[in-house]
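In the two assemblies presented below, chain A is common to both, partnered first by chain B and then by chain C.
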Partner chain A sequence: MLKVTQLHVRYGTSVTALTDVSLGVGEGEVVAVLGANGAGKSTLLRALSGTLPHHGGQVTRGSIEFEGRDLLGVSPRRIVRAGLIQSPEGRRIFKGLSVEENLRVAAAGAGIPTRHAATVRRTVWDLFPRLEQRREQSAGLLSGGEQQMLAIGRALMAQPRLLLLDEPSLGLAPQMVDSVGAIIEEIHRRGTSVLLVEQNAAMALAVSDRAVVLASGSVCATGPADHLAASDELRDLYLGGTPAPTLDGAPQ
Partner chain B sequence: MTTIDQTTSRPTQAVIRGVALALIGVAVCVAPLYLDTFWLRTGLTVASAAVGAIGLTILVGTTGQLSFAHPFLMAGAAVTYVTLADNPVNTAHLGLGLPPAAAAVLAIFAAGALGLAASPLASRLSGIYLGIATLSLVFIGQHILENWTAASGGFFGRPVPPMSLFGLSLADSPTPPVLLGVPLQREELLWYLSAAVIVVAWIAGRNVVHSRVGRSLAAVRDSEVLAATNGVNVRSAKRGAYIASSMFAGAAGVLFALTTGSVAPETFNLGLAISFLAMVVVGGLGSVAGACMGAAFIAGLPLLLQEFSDQLPLIVQTGEAGGMQASTATSYLAGALIVLCMLFEPRGLVGLATRGRSLATRALRRTRILTSRATHN
Partner chain C sequence: MSHLTSLLLNGLSTGAVYALIALGLVLIYKCSQVVSFTHGTLVLLGAYLVGTMDDASGFIVALLIAVPVAAGFAGSINLTLLSRRAGAPPVSLAILTIGIDLVVLSVLTQQLGSNVLNISHPWGETRWDLGVASMSANRGIALLMVAAVAVSLYLIFTRSPWGLAMRAVSEDTEAAALMGLSRTTITTLSWATAGALACIAGMFMAGPPTPGVTTTVAVVALRAFPALIIGGLDSLRGAIVGGLLIGVAESLAAGYQHELQFMGSGFAEIVPFLLMLGVLVARPSGLFGSREMTRV
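And then the complex of A and B:
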């Protein structure tokens, strides 16, 4: 359903963040994107969700196709309405709004009719009962884990067919990491494809069908998740065995 | 015990609110029958300020956009109203002779159009940067109006044709309509008009703040990037907020013109812009009720101090020596209140009101628990 071909991304005029990245997500698949800090994982998601311009970045070459539609140059709003939404890195929630208002904003942004939005909200409450208990509370007062749940729940309000998750396990206790994994599996079971960016390779590979490893802005390994989980190659990459390939202009 | 109290408190609150609203409604309706002209004029001034402040609190409080352009927009609407409504035959100025009600509606849309014209600023800039950019509008507006005397009347201003609704002219007349034995002259009639406008502005304002639109604006205030990621069209949200706020300013401008009976470009200056900001800050950012309270305080106080200067220490009539003028005293009081707000109650007057209310309900609940315990024992 998603096909990225030879994508090049630059921030400003000098920082090349992605070089020649190609990957795909099939209908009903969970695909993990792994890579060290600064490898370009978040950049990839921003390119897909159309929010690169908000970060001073731009796609300089390549193409992004989602369900047969070209997404290059399309506004984030259109992309959300086409069924692709990003849950950004770092528990980004609207801190000044209540928990419920966070969900309502997302429904409005995605153009979900008000009546239907209540039903969708019900499904989100079912997935995250803790959030329902705190629905009136200001979102900024939630714990880190709850904020992460809210960020995911908010993305689900758009009823996406492809969900982009950027490091959902960031800063969570090991037990919470497992429950994030369980939630991703549940979202997947309900029929949403997921592109999952993670530092926690074990969790990511456990829940995904395939994985793509980025290093310094380009794809350095790709394959079935269980295959990669067993490979020495990935372990080396994560433990700093093989030096990551460097590219012209790519940040070190 | 406490659980029962909590379940009963909601309907009780609704009843209390309903009764309070009804009382306020009755009070507003009968007030002009008892109050003298001074109090009516004060009420009218506060009303027009409140309508403008509601518009500004949507912009500043909900969207996080700072704007000084309120006087510019008010002036635009006021001059548009006067020009459209004035009878071309017996005016020395530009006049089109439209029915005043139509002129008023068009004037509000004219303010909206000015807001639209300024909205490229509003959709690209945020916060303080927008504030500085809109500052220039005040000066541009004043400059244009001072020179375009045919429309504005120049330095001396021009008289405002009275509003007329359903064949009833809201002006002094030898044969005024009579309500409960009280003749309704200009101030009384304008009082009812202002009350109606406030109700409309209040409902519209609350709807903007508590609707999808309002939540999108609040999302933009929190984080533009995040709002965009969630499908909110950031630019059009900011533009829409600016235009809506401009139309409130327009309504305030028309009411202001009707109340004062003459418009002069001089009135719509930077000081007025700052007063509006003070209103929304003192009242409590983003709250419609707060905007009205802030307007009552900032716009009403100087009139009261002026009126009662002989009974108040330190305050003197304009032009007298040996004390402080009412407007100066208001500036000091408002300044002090803003500082106190920032330090102790950032939610402003409306925050104080909620605190008072929760104290009262808690006290009520406690006495109820005590009395029920007493009856049990």
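And then the complex of A and C:
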């Protein structure tokens, strides 16, 4: 459903952030994009959501196709309405709004009619019962894990066909990281495809079908998630070089 | 005693007009972080529109036409000139609004010449006798208007999708864009609302007890700036409180002119700005404004 072909992205006149990146997400798939800081993961998502201009960036070559539609140069608003939405890194929920208002404003942004929005909100409450208990509370008062749930729930209000998640486990307690993984699997089970950008490779590979590894703005490995999880190659590429040599023979 | 009550009451009612103007400025600032220096002229434009049309078509029709026209004009300033400069620092945009102000003000000054354009308000010169004091009906209605506008804005911001979108955009433009909320639409709507409020304020300002529409209206409207700064740039509540405070301070200074004679004549006119300086020294972000926070 999503097809990125030979994408090149540049910030300003000289900083090249992505070079020749190609990847795809099929109907009903969960695809992970892995990579260290600065590998170009967030740039890729900005290109997909149409927010590169907010950062002074532009696509210089290549194409992005979503369900047969060309997404290059399309406004973020149209992209959301086409069924592709992003839950950004750092959650970025609207802290001055209540939990429920966050969901209502997202429905408005995606053009979901008010009456239908109540039904969609019901499905989000079902997925995150904790949020429903705090619906009246100001979103800024939620815990980190709850804020992440709200960020995902807010994106789901648009009833996306493809959900982009940028670092959903960042800054969360290990226990919360596991539940984020479970949430992704549940969202997938309900019929939404997911493109998951993560630094936490273990969690990401556990929930995805396929994975793409980015390094310095290019794809350096791609393949089935279980295959990549087992490979030393991934560890070398992505965790920064070979593991330290063991000290065989060194004096104890 | 009744002198004081009367001064307070008249101060509040003058302040109500400043509050209407300041509310528009806050709306614009909240959505786009731009302080609009075109606003005084928009107030004059509103008064001018009502004043030119009401002879031919009657006051109500003139107002019903002028408010949407002023709103459309303010909205189109944002749409054609400001929103195209997305990413430009708010300070440059504020300077751009000074330029727009100069152009519009010159055109209006030329149109008005040295004439005084009278608005024939249906309530005319009526004064309301409130027992302890009396006030002009014009200003009394302005005071009621501010209350109505405050309640409607509160409902809009908490209930309507547009109000929620406005709060979301003012908090995090990029996250709002990712949710499909268009910044241009939201800022244009806020400009249009501010333009409508400016038009209504101009209509009141050019009525009793002050003479009709002259270019002075634009100058007097500038007193909404101290109101804005006293209340806090991003607080709607602050705009109302600031506006009322300025009105009362001005009215008291004018009323006790004799006692304040040692400050020289015309002291009342600088009182709003003195008050603003005082607040800036004590609370730089205004009485209700959110404090600027910078991570070091």
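Methods note: the second predicted complex is superposed on the first by the 240 of 252 C-alpha atoms of A that agree within 3 Å, B and C clash if a C-alpha of one lies under 4 Å from a C-alpha of the other, contacts with A are read in each partner's own complex, and residues count from 1 in each chain.
Everything below uses one rule, namely that a residue touches a chain if its C-beta (ideal position, glycine included) is under 8 Å from a C-beta of that chain, and two chains touch if they have at least 3 such contacts.
Because the structure is predicted, anything quoted here is derived from the model rather than measured.
Student: Sticking to the clash and touch definitions up top, decide whether chain B and chain C on chain A clash or fit.
Tutor: clash
Student: Quick one: is A:119 in contact with chain B, with chain C, with both, or with neither? Answer first, second, both or neither.
Tutor: neither
Student: Thinking of the overlay built on chain A, is A:92 touched by chain B (first), by chain C (second), by both, or by neither?
Tutor: both
Student: Taking the superposition on A as described, I'd like to know which of chain B and chain C A:56 touches: first, second, both or neither.
Tutor: Only chain C; A:56 stays clear of chain B.
Student: Going by the contact rule set out at the top, does A:81 touch chain B (first), chain C (second), both, or neither?
Tutor: After superposition on chain A, A:81 lies in contact with both partners, chain B and chain C.
Student: Determine, for the stretches 2-10, 20-28 or 92-100 of chain B, which one clashes with chain C when the structures are superposed.
Tutor: Only 92-100 shows clashing C-alpha atoms.
Student: Indicate the residue numbers of chain A shared between its chain B interface and its chain C interface, in ascending order.
Tutor: After superposing on chain A, chain A residues 49, 51, 54, 75-77, 80-81, 85-86, 88, 92-97, 101, 104-106, 108-111, 114, 154-155, 158 contact both chain B and chain C.
Student: Per the contact definition, I'd like the list of chain A residues that touch chain B in the complex.
Tutor: Its residues touching chain B are 49, 51, 54-55, 75-77, 80-81, 85-86, 88, 92-97, 101, 104-106, 108-111, 114, 154-155, 158.
Student: Using the touch rule from the top, collect the residues of chain B that touch chain A in their complex.
Tutor: Contact set of chain B toward chain A: 212, 215-216, 218-219, 221-233.
Student: Which residues of chain C touch chain A in the complex?
Tutor: These residues of chain C touch chain A: 86-87, 161-162, 164-165, 167-168, 171-182.
Student: Enumerate the contact residues on chain A facing chain C in the complex.
Tutor: Going by the criterion above, the answer is residues 49, 51, 53-54, 56, 75-77, 80-81, 85-86, 88, 92-97, 101, 104-111, 114, 154-155, 158.
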